[in-house]
Every structure is written in structure tokens, then in C-alpha cells.
Amino acid sequence: MISSSSSRPAVEVSPLSAESIDMIGLLSGAHHPGAGAVVLFSGEVRDNNKGRSVLGLEYEAYAPLAIRMIEEILAEARSKWSLKIAIAQHRTGKVTVGDTAVVVITASAHRSEAYAANRYIIDRIKHEAPIWKCEYYADGTKEWSENCNHQ
Amino acid sequence: MARKLRAGEDKMTIHVYAKLKDYFEPEFELEETIGNTDQLQEALVRINGGASELLSTCRFAVREGFIDNTFKLEEHDIVVIIPPSSGG
Amino acid sequence: MISSSSSRPAVEVSPLSAESIDMIGLLSGAHHPGAGAVVLFSGEVRDNNKGRSVLGLEYEAYAPLAIRMIEEILAEARSKWSLKIAIAQHRTGKVTVGDTAVVVITASAHRSEAYAANRYIIDRIKHEAPIWKCEYYADGTKEWSENCNHQ
Amino acid sequence: MARKLRAGEDKMTIHVYAKLKDYFEPEFELEETIGNTDQLQEALVRINGGASELLSTCRFAVREGFIDNTFKLEEHDIVVIIPPSSGG
């Protein structure tokens, strides 16, 4: 999680969290005197999906591999876009409507890089990291998401 | 995840995640001798044929790294079966 | 500033602020049960520009027109991408290195729309709104930015 | 910005912003009769020729709306001259 282009101590952010994501805390720490652009993405639990009323989600991860893959994705993005800051954290366990399920923060000199890297990181985490979502519906049923690529 | 060392046992341990848990226990052992991931997939379909389609989309990991069918499985391995991510 | 697709009371955010931007407060209010994606952009003052050491900036706006244009840009983005939330606030007056000069927050059902709309809003504000930047350099000089389109 | 009503005065008021303030006062009046933005630009270049290039990139606004050269300026108008945004 060390940004090699930063002269400040890097914030150590665990890629997985079983507790509420402290989005405000993460954003507050994500400033850098050489970064003119900070982009934050927050993936939040919606009250509906594909026409069904959703009460909440549960995320399950194969933790050791998920952590390593997220760290590798962040390192790759940092290098590719010369980012000053790149952090990501994904929830595990139960999350309810409105909760943040995943947050990605990128910071770079100019804004094109921060946007592009942010999108790249979340797309790769969503598609590649071994993290799975189970939806709990208002009708009492639940279902593990299968490969649904809408974004 | 700490690797389990179980002296005197030669059973392969299988961990499954997410939708695979609708078909298998989260963690179980296989008695038979399994040499590669194709054979593992066949063994799992014999246990629960309903998982056949899902299993064909899964990846396999040993020691926290992905493996393919060329990887020689050994009897004491812990094999993690990884369904596709939801991607949403 | 009213999001027509929202059933909640919209937060009234002034498009221009002579005081520090309360990014955390704006982000904390930018959640919606139908929004699965929130994207925040923060434009921050860098310590350098084009090889020159920068101490701070001063933003000047032709306020009535700037406010109207930003509100129109937000309304257009809300409509075009069916956003649940679209807010923007730009600083006027003196800002120092690390300060937020402009913030844009978008929220939508899926992430593609939130990213695209966010980028669209900041690009149009930067290029069209009558807001000008004066850079104060470490060597004691200052200079009004002219049309520099790097992003 | 409240429109100024100045009984008995027929002078056009000019407001300039940003880099234009390197060439003109932020707010000043013009004695001459100006009919459109081309004539206004010419009058301003007569006051400070150094601003010629910058003025050619500026837009003009009256009553908080953009105008072009077809707009008939009147003597009591307040005209805002708007340099290009920095875009950065």
C-alpha cells in the first residue's frame, strides 16, 4: 500500500473490512500536495435490483487471495497512472441498504488520471477479486449473484 | 488461511464459497485420489450433479494461488473452489 | 438544485462558496437508497504548476452568471444520466495548497453513469463557467491562468 | 448583482474580470456612444492596446446573459467582459 511517489507516510488501508467502511476517514487522509485531483467511488447498497426489493447484502470473500489481488490491482494502477494515492476497501459480511460496500480513492496531479484509474480499479476488483454477493430480498428469499456484468 | 498439516491423513480438503455452498458443505474432504482439477471437477459432479454447470465456470486455488489443470494435486492439498465474481 | 427523481428533500448547495468547501458534509449528505454508486471529484490546490512552485490561488467569479451556468450544467447532467444526486461547489477567493477548490458529487443506480456525469460536470464547469484562477508563486509573482486545457 | 439605475447619466459601465484587470480598472465608464460589442472592443483597444489580443478572446454579458455583436447596446447598459475560463 506504499505509494512510491509520495513523500508522506502512506496510510495503511486493509483491502477487506468486516466492519463499516470509514469513508470519511479514508477521504480525509487522501490528500497530497502534488495531487490536484482526488476521485472517490463509493459502491452502496441499493434498495432494489432487477426489479426486486432488496433488504441487504452479504459479501463473502476468499480473503487471502482477495487481499493480494486488490493490492496488486492498486499497485498496477499507481504505476500506470503515476498516482499519488490509491486505496480501496471492500466490505465483507452483512451490509444494509445505504451502507458502503466498497470504496476506491485515487489522487493524481491532473483529473484524467484520477478518474481513469479509479474506474479501472473498481472494475477489476468487481470482476476479478474472489468476493461474492448474496442478496436478501423483501420476500424472504436470498440469492448469490452470478456473473452479472451491468455496471 | 493457515495450511493444515494433518499427519497420517491423506485426504484432500475442499473449500467452497458463495453459490457453491448451495450444493456442498463449505469445507469437506475427498476420499478418492485426485490428480488434477479436471478430475476434481468430475469427482464433485459425482457428489452433486446439480453443481455441474456452476463448477464449469469456477477457478481453483491451492496455497492462495490460482492453479490450472496442469497443476499436480497431491492428496494432502487444500483446494479452494472459486466461483465467478458477481461483477455488478 | 432539486433532483426530480429523488423522493427525499434535496440538499441546497450553493454553486459558489467564499468559505472553505465542506467536502465531508457534502459527501455525507449525498446518499440515496436508489443509488448504488456515488462518485466524488475534489479539485485541490497543487504545490506546483508547469514547473513553478505555487503558494496558493485566488478564484474570481462573475457570480450571477457562474451560479446560473453551474445550476444548468447540473440539471442537464441529472436529466441525461438519470442521476439521483448531482451537486457542485466552486471556491471563490484565496485558497492555499491542499485546499479544495471545487467539488462535484454524483450518484446513480449504476457506476457508469455516476462516473460519466461527474466528469462531464467538472469539464463543463472548468471550461464554461466564468470563474478565473490567479496563481501566486513562491517567487512572489502572480499570474492569471489563460486557457490551458490540460486536465 | 443589482442593476444600477442612475438618473440623468447616459454613460455605459464596464466591468472586467481576471487578467483584464491587468489592463483596466475592475469597473469604469465609457463616455463615447457604443452600439455593439465590436465597437466596444475597438473602444477598449483605444484605451489600452496591450489588451487587444486578450479582448479578441473575451465574451460579453449584459443583464447576466451572454450577448453577441447583434445585440444593440444602449448607453446605460452595464457590460461585463468575460475572459476565457482557465479550463485547467
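Residue numbering begins at 1 within each chain, and the chains themselves are lettered A, B, C and D in the order written.
What we mean here is this: a contact is a pair of C-beta atoms (placed from the backbone, for glycine too) under 8 Å apart; a residue touches a chain by one contact, two chains touch by 3 or more.
Note that this is a predicted model, so its numbers are computed, not measured.
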- prompt: So how far apart, in whole Å, are chain C and chain D when each is placed at the average of its C-alpha atoms?
  reply: 27
Field: Computed distance of Cα centres, chain D from chain A, in Å
entry: 50
Field: chain B and chain D: spacing of chain centres that average the CA atoms, whole Å
entry: 76
Message: Counting only residues that touch at least two other chains, what does the list for chain B look like?
response: none
- prompt: So which bits of chain C are touching at least two other chains?
  reply: 150-151
Message: Chain contact topology under the given definition, line, ring, star, complete or other?
response: line
Message: With touch defined as at the top, which chains are paired up in contact here?
response: A-B, A-C, C-D
- prompt: chain D touches which residues of chain C in the complex?
  reply: 60, 62-65, 68, 126-134, 144-151
Query: Can you list the chain D residues touching chain C in their complex?
result: 1, 15, 17-19, 22, 57, 61, 64-66, 80, 82-88
- prompt: What residues on chain A touch chain C, complex-wise?
  reply: 23-24, 27-28, 31, 33-48, 97-98, 109-112, 114-115, 118-119, 122, 150-151
